[in-house]
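Got a structure for you, written out below as structure tokens; questions coming shortly.
Chain nomenclature is as follows: A, B and C, assigned in order of appearance, with residue numbering initiated at 1 for each chain independently.
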Amino acid sequence: MKLNEIADRLQCRLEGDGDIVIQRVAGIDRAGPGDLTFIAHEKYLSRLPSTRASAVIVAPDVAARGAPAALLRTDQPYLAFARAVALLTEPPSTPKGIHPASSIAADVQLGPDVSVGPFATIGAGASIGARTVIHANVAIGAGATVGDDCLVRPHVSIGERVVIGNRVVLQDGAVVGSEGFGFAKQADGTHLKIPQRAGVVIEDDVEIGANSTIDRPAVGETRIGAGTKIDNLVQVAHGVTIGRRVLFAAQVGVAGSAVIDDDVVLAGQVGVANHVHLGKGVVATAQTGIPNSVDPGEYISGYPGIPHRDWLKSSAVYRQLPTLRKRVADLEHRIAELEEKLAGRRTP
Amino acid sequence: MKLNEIADRLQCRLEGDGDIVIQRVAGIDRAGPGDLTFIAHEKYLSRLPSTRASAVIVAPDVAARGAPAALLRTDQPYLAFARAVALLTEPPSTPKGIHPASSIAADVQLGPDVSVGPFATIGAGASIGARTVIHANVAIGAGATVGDDCLVRPHVSIGERVVIGNRVVLQDGAVVGSEGFGFAKQADGTHLKIPQRAGVVIEDDVEIGANSTIDRPAVGETRIGAGTKIDNLVQVAHGVTIGRRVLFAAQVGVAGSAVIDDDVVLAGQVGVANHVHLGKGVVATAQTGIPNSVDPGEYISGYPGIPHRDWLKSSAVYRQLPTLRKRVADLEHRIAELEEKLAGRRTP
Amino acid sequence: MKLNEIADRLQCRLEGDGDIVIQRVAGIDRAGPGDLTFIAHEKYLSRLPSTRASAVIVAPDVAARGAPAALLRTDQPYLAFARAVALLTEPPSTPKGIHPASSIAADVQLGPDVSVGPFATIGAGASIGARTVIHANVAIGAGATVGDDCLVRPHVSIGERVVIGNRVVLQDGAVVGSEGFGFAKQADGTHLKIPQRAGVVIEDDVEIGANSTIDRPAVGETRIGAGTKIDNLVQVAHGVTIGRRVLFAAQVGVAGSAVIDDDVVLAGQVGVANHVHLGKGVVATAQTGIPNSVDPGEYISGYPGIPHRDWLKSSAVYRQLPTLRKRVADLEHRIAELEEKLAGRRTP
């Protein structure tokens, strides 16, 4: 595609030769002739003069001098990059139509243009919305509802009566609606299972990563709000309520009945205890452990989680703890000497 | 179901109108008319006067005054709640009979009333006990044994010759009998695979969560004791021995050859190093890292794990480390001044 | 098999009766008559005199006196053990030929002696190398390439156009080629998906554990180098580059675009932040959090990761923090007293 067409489609201002043909999008370090790349963060600006890319998406104020490539200017270089990738790559192939080697109960409602891959199962009373793609080996339980324009990749498991909105993406092996981990201890020390038969609701535009697990509760529901994105190998326990536009990086775990408000961001391997409430916009850095509720807008780190600035300072001191202990021991020694001297003088 | 029938079935003492019809069980905050709820912990007692539920399961000594609902009294409210859920919800639907689109080797022994869903595979020489339910897309290896009354949900993988007891529940995508992570380093730096072909035994009444993985070892066995419950995304490495009634919350990882005695409880994201021995009844809070063996009955936290009380105190001081360092610096300054003064006096 | 034949095959020097018949390999604690065991580490030497095994693999310099069993001597006891397991156990059974209930696109290239299990799917244009074994319920996307002599266990998902080398092992439920977690935040707070359509390359002799997930990126590639071994439930994000002979234990997570050089070893539950570079041979102990790049050969621990020796010392002091704080408070009290005394003298 010619660069001036790309500039048009991405609504960027072009500086340079619009007749250049762009073949693909690439990162700044790997880009070569025929490639479009981008600089979305100041710290990569130093790489601009040496890029071998044919064109670079940059912010309006980036200095052009020294740039060996055409420039596409926009207020939002990262968004333009995202659109450029969509423009210049092929969408993945999908099953076409209903594969004969699928197992679809007689009363399942299939919207127009639904695709179902081989060895997929859809249980009685389920309904699948228009244009939704069900890949190979997917299992959808009885009475489940999947909305329009969803992408359900191979080996996904959607439990009975689970409700999934529109434009939801479920990556390979994701489980929505497994039974929550709920047991009541009995007098003899054994654990009585509390049946976990209540519902799970996944709202519109949610994405759930590969092999992540979303449990159903005994009572109430588990709910993931619209536009929330969840990475791979994440655990969402029974009865958790997650707001809108939340981001969970990989291997996050959220325990039962926690409430996560809108716009929360949890980095990789963060753990949230049960019944905890994270206020709107809370951000936690990787591996943070969150045993207690957190006020809106807090930015936390550590185990247990504390304000990020405090954690940075404390973890800097942590490294010096052996030195600090030695300094305390030295002080004790010196003060003992002083005390002795003064005591000596007192009794001349 | 009428409340007096529920009271009978749950063996609770009824206070109030037994003719109320109960439709469902709900949490105290969400319960409305027609709902049965419960208070299993003192801290929720304050919500009793404002509940909209029609009936509440409570301990014998809870004051009735102000309760706007009928009461079901029992010594074990949480157990009664568990039973109420079983009583008032529909069990999940299951495959009926042997689906024609399953692949079952000719010599597989199927007990009476076994169900097998579509696209499930059962290898040569395997045996499946009475009334066990095998869901869609399950893969059971050659020579595996699954007991009576088990529930095997979609996409579960049971390896060759794995032995599974009675009443075992395997949630979606759980893997039992993948090959352990065992390699021997060679002179050229490459890793020679130690074949992992020994057995896995899952005893009666075990539950294993969605996408959890239980490895087989090179020698000996991996064993999970009766009544143990394992949550989602848990790793149990090769040769681990887990006792009875153990609880692992989500994302726990136990490294090779560790021994976990009866009644241990590991909260979410806990890690246990290889060859470690956790004594009976050890409890570890979320994210604890356990590099060394722990005596029976210990309650531990932290990384590395230390007694929970100590950890609480240390983590409180951790937050104040920058202040503590400043206090030490101040002391050093003050003591230097004193030393100087005294030195000055000494040489008048 | 007779012990002298085993000694020959393992290239060990035999001390004792070569006519003993060995039935199996066992760990030192469980071994009994007819068993071959091994001692690969000095700390287990004390168990030699009491072993019930018929033969023991040991280093050349281990004292024979007191050993109640025949000895097989070798410079590399652990390697000999690995070979003994291969020699004395049956390889797992595999699907034979192409199962009729698989779904293989018409133009798939299948090498000689490929096996495909029931309900496996292979998309258009894919190619599978000689002698590779595809187990039940595996899904392989369009245009993917799998090399020779690979083992692909049940429920593995291999995405479109993924390239997999020779002798690669993929354990149950592993996902290679799920879409990376890449979103660009828009002005209204919603997250625009950056399509993740670029490639994943798994080089020769790699093993990937059960339910681990390897994402594809938007641009560039995700690559795992030859001979690298990855345990269960590991997350490798989009655009990560992993070198050769790397070891990742279970539940490790590596964030986007990180670069992991050859011979790195990450123990269980370690987390690596995005864009971090780990130099050749870096070792991190369990649960280490790695927010920044690490020089070659470093051995690190902690959260955030610091040199292991420092971490050992700091974590020892951590336990004593309450005491340390008390010591500082005592010093403050004592120095205040001294200051007062000296001030008193100054104004007599």
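For this structure, a couple of remarks:
As a convention for this text, contacts are C-beta pairs under 8 Å (C-beta built on N, C-alpha and C of every residue); 3 or more make two chains touch, one makes a residue touch a chain.
If you're wondering where the values come from, they're calculated on a predicted model, not measured in any experiment.
Chain-to-chain contact here is organised exhaustively, every possible pair of chains being in touch.
As for how the two copies chain B and chain C face one another, under half of their interface residue numbers coincide.
The distance from the centre of chain B to the centre of chain C, with each centre set as the mean of the Cα atoms, comes to 24 Å. In chain A, the residues that touch at least two other chains are 101, 119, 137, 155, 173, 211, 233, 251, 269, 287, 302-303, 318, 320-321, 324, 328, 331, 335, 338, 342. Interface residues of chain B, counted against chain C in their complex, comprise 101, 103, 119, 121, 123-124, 137, 139, 141-143, 155, 157, 159-160, 173, 175, 178-179, 181-187, 189-195, 197-198, 211, 213, 215, 218-220, 233, 235, 237, 239, 251, 253, 255, 257, 269, 271, 273, 287, 289, 291, 302-304, 306, 310, 313-314, 316-318, 320-321, 324, 327-328, 331, 334-335, 338, 341-342. Chain contact summary for the complex, chain A toward chain C: residues 24-27, 30, 76, 78-79, 81-83, 85-86, 89-93, 99, 101, 117-119, 135-137, 153-155, 169, 171-173, 205, 207, 209-211, 227, 229, 231-233, 245, 247, 249-251, 263, 268-269, 285-287, 302-303, 315, 318-322, 324-325, 328, 331-332, 335, 338-339, 342.
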